[in-house]
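Before I ask anything, let me first share the structure, which is written out below as structure tokens.
Going in written order, the chains are labelled A, B, C and D, and every chain counts its residues from 1.
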Amino acid sequence: MLDRKVKIKSVRDLGSNNYLLTLNAAEQARLIRPGQFFMLKCVEEVDENPLLRRPFTVFNICRHARSGRPAGLELLIKDVGTGTRKLVRMKPGQIIHCLGPQGNGFKVSAEMKNRVEMACLVAGGVGIAPLYMLAQDLMRQNIKPVLFYGGAGASDLVLREYFEKLGMDTNYTTMDGSFGERGLVTEPLARFLHKRAHRNIRVYACGPWGMMQAVHKLSERGKLQCDVSLEARMGCSLGACLGCVVRIKDPHGEDRYLRVCQEGPVFDSRLIDWETEPV
Amino acid sequence: MQLKYIMNRKKELLKAPRMAVEIAGVRFKNPVLTASGTFGYGLEFANLMDLNSIGGIVVKGLSMKPIKGNPPPRIYETASGMLNAIGWQNIGATEFVTAKLPGLRNYETKVIVNIVGFELNDYLEVARFLNDCPGIAALELNISCPNVEKGGFHFNKNPKDTYKVTAAAKKACRKLPLWVKLSPNVTDIREFARACEDAGADAVSVINTLVGMAVDVEKRQPRLRFLTGGLSGPAIKPIALRMVWEACQAVKIPVIGVGGIARTEDALEFLIAGARAVQVGTANFYRPDASQRIALGLQEYCRSHNIEDINELVGSLHAYE
Amino acid sequence: MQLKYIMNRKKELLKAPRMAVEIAGVRFKNPVLTASGTFGYGLEFANLMDLNSIGGIVVKGLSMKPIKGNPPPRIYETASGMLNAIGWQNIGATEFVTAKLPGLRNYETKVIVNIVGFELNDYLEVARFLNDCPGIAALELNISCPNVEKGGFHFNKNPKDTYKVTAAAKKACRKLPLWVKLSPNVTDIREFARACEDAGADAVSVINTLVGMAVDVEKRQPRLRFLTGGLSGPAIKPIALRMVWEACQAVKIPVIGVGGIARTEDALEFLIAGARAVQVGTANFYRPDASQRIALGLQEYCRSHNIEDINELVGSLHAYE
Amino acid sequence: MLDRKVKIKSVRDLGSNNYLLTLNAAEQARLIRPGQFFMLKCVEEVDENPLLRRPFTVFNICRHARSGRPAGLELLIKDVGTGTRKLVRMKPGQIIHCLGPQGNGFKVSAEMKNRVEMACLVAGGVGIAPLYMLAQDLMRQNIKPVLFYGGAGASDLVLREYFEKLGMDTNYTTMDGSFGERGLVTEPLARFLHKRAHRNIRVYACGPWGMMQAVHKLSERGKLQCDVSLEARMGCSLGACLGCVVRIKDPHGEDRYLRVCQEGPVFDSRLIDWETEPV
């Protein structure tokens, strides 16, 4: 974990309030594992509003053309409020404070390939962010990733070409039917899992709470392990403020709180108390 | 040549302002501490700043047994501030002493333990326990946390109760200086500061958070599940500063200033108004090395203003005639 | 063609949300008022916005005779807020009635007069005088101004005094509804709101400013000559909102929300928390048409959220189970 | 008085933290009289910090090259704190809120030339701002303006070339002696007035409080009318907040407060209670 002032390389408008932010943060890019995130100060000056940094997952590491060495971070940012708005309105060359990488990402290990045949990556909108590096990691372990990507309309399915270029199977859904199947992303996922009952499939999900809960239920029904990448309002990302917790229901019915910034953001979906949305 | 260098160096050292302050016989290398609940157990920040650069660390409020805390959402950002309703989540005093304190002892920074309780006995139990643990410089009695259903906050609703809990706690921790952390959610903070002084407190920390609230106008729901939360950050600095000034007028024991301190200038305001030391809170979240920067900044200020000893600054406010 | 136009227009009108609210029998065309001391005598803003677009104007605190006010500096900006120590400077009730009120009567906007006093009789005198002046919709009893050496603020230090001054004032202005403006610098605002209700107040305005302070670290002098001042602006919104919510739980008379309201969303938070109307204060200074924008914004919100009557919104907060 | 969103045309660095800000505010430029000021929101977004607008005098009106019609405002801005810093760091094309013209400026009337021979314009640092338009106005009335301009060093005597181009007599002082006479600006002024005792001279001053007080005393001694342009912290500039007052001592020794934004910023120096600095 490092706290650095980094330069904004570019801000690309992807439509539907989504932006791809590229940061010149080579030093930090070298440390990243899929699913980890960075805390960005959404303004140049440290005492300006918003005060608190905002968490964003790394979408991709960009690399030097020749050496292939990490050169910077690519972050997918959806403008949803004051902080994100200020961030995406910044100009190349401007400086922001960037702290990370933070959190426990997805654990993809070499021995996993013996147990896992296939991985379903389920994204709702900007929840796509952590899944690209995860897909690459899985492929390196010869685990076949299949993408399930849902949004309100076609324009919400940003950056899908990245996944297509990896040669992945993709399933798209939109609520308005403007692209892919009309309806919820859990529908094709349910059919997919139903057809492959008793196969060793691993599920990964990131998106709105309700969507992740639905994916969790499908996984439970199929007795599949499901990892979800959660969101919570964060004060510090250092484990100090205890502001970012999610409620955990342990097997004995006792509840307790884990910090999304430390014990997460990726959790086994069976741990989560799905009745208590943390945001 | 070398001699000249040494002479110059000596001059410089002589010129270096004295930054240490004393509170109840304990010497802090400088007046910058971190505020309870905003710096974890200290070690979380070890990678991001030099823990030795500051005078002290006030760790997260501890109870004897671990406390789970409130359900989320627990925090929300507001204009120049934030609301929190953590609800005393902590690992418990035993775990703190075995798992955290040894690590903290590696630093030359004083450790102050903030203690919480639902009832009088909770405070006394943890005070007694910590009283015997080496490596603790003082206890800070937190009777001012607004974020638990029936927390110690009621001890800060009238000065008599404040007196009672302070006097009892003072007895329970004879070996350690006792600071009492006061709530700003009162009509007259002077009465509470005086109650602490009368009850034998060694210092008062002023202030804890102000009770606030925020509403999600789309969901028509509170932003915090606990409904209300404690407001902290630069937004509250003017209120904190006024209360520190009032407390300083009311008592002779040292007053420690807390509330919205994020920059050197903020710390200076509190010292000039009379605070013997300051605590940096919310600023640690968005600038993890804020306390170190402020400690350095104070030294720089003293140097450039020809102040030999930071204690000259304390209470040096001259009002208009 | 024309018929169609009329029909459409009628549909539109039917669809237009009803924005009026009632406080003590007085109808305000919408719940947006301007706060006392931040909108002068109203006419100052006539060139910059449409005074008819808002529900009401609360004019600067008036005493019977003119008051000079405090020596400068009187204001200072802080993080998302400002401090002021104006000290009740005003032209006096007679001058107001002869020089300002006639101008205000040209607008279809309700005029509320905020009244100040050092002693009980000061309040009664001005209340009696204004009671007979046509063109005034209500009086707002200001017992919560922190910026005068021995101002009415002491009536807001314990609920008994609040009761006393309210009851007496209510008698003095039988013809006009009486609002009481409460101070946030208290341990429990509910007690004060209840005291007002019990004493016959028709509404409470919550909150006045929080006492704050700022220091010039170069001069080591207070930023305000009066030493302390009232903190206002977005910084205090979470505190104001919490107090409004508390007051709404405690009393049945209407609560008027004040404190840090600068945008439509802020006003919505207060209404949802239970405020019958809101007052825009400090925001008028940096955005002279803030109140008009908020009035329009509320209408827009109602329209887009299918709310037919703004009163549906009032107190519609649903807490977490 | 108008409240407009205007575009920044340029920000020119004059050295020593002084900047010349040009605003495309033709509509407002047409309304200005010398000594009036504008309230600028020092940030683009209205709810950002600093909240309150900041007052700045108009230094000059820039005009269309051909028609000679007002095209915009030139303001001299010294970076002394958060607000001014944000303002001078803005980029051409950015938008700010601009309210004005505000206040009572200098009253230069046609009948004045019968009574007044000559005018001493005394400036301390950035206090030069209101004097350029005043000098032009005086010259239009055939009243000869003489400039007394003091600063800490040569680099503080910004924009003096504007006055020289008008063909005015100029007297410069610097504390460090780096330009003009070493010392206070009141020294050459005192000599000047001393040599011309009993002449109909009018004095105008703008600068630090202590300097204006000294100029006031010199003027009083010479029984000359002196107008000073004051500073005060302003909340609204509309006469509503009563935050900007200056203490007035009336002949009967009674004091009262006048609003710098309404009754000022230009005052007859004899009115002022010089013991009570308003900032």
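Note that in this section a residue touches a chain if its C-beta (ideal position, glycine included) is under 8 Å from a C-beta of that chain, and two chains touch if they have at least 3 such contacts.
As the structure is a prediction and not an experimental result, all values here were calculated from the model.
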In whole angstrom, how far does the Cα centroid of chain A sit from the Cα centroid of chain B? 36
So, in whole Å, the Cα centroid of chain A is separated from that of chain C by 46
Can you list the chain B residues in contact with two or more other chains? 79-81, 225, 233-234
Residues of chain A that touch at least two other chains are 47, 49
Graph shape for the chains shown, where an edge means the two chains touch. Line, ring, star, complete, or other? ring
Which chains touch which? A-B, A-D, B-C, C-D
Within the complex, chain A is touched by chain B residues 37-40, 44-45, 47-48, 60, 68-69, 71-77, 79-82, 84, 86, 89, 225, 233-234, 262-263, 282, 284-289
Listed in rising order, chain B residues that touch chain C in their complex are 78-81, 83, 157-158, 185-188, 210-215, 217, 220-222, 225, 227-229, 231, 233-239, 241-242, 245, 260, 265, 268-269, 272-273, 301, 316-320
Counting only contacts in the complex, chain D reaches chain C at residues 1, 3, 41, 46-47, 49-53, 97, 99, 232-236, 238-247, 255-257, 276-279
Chain D touches which residues of chain A in the complex? 48-49
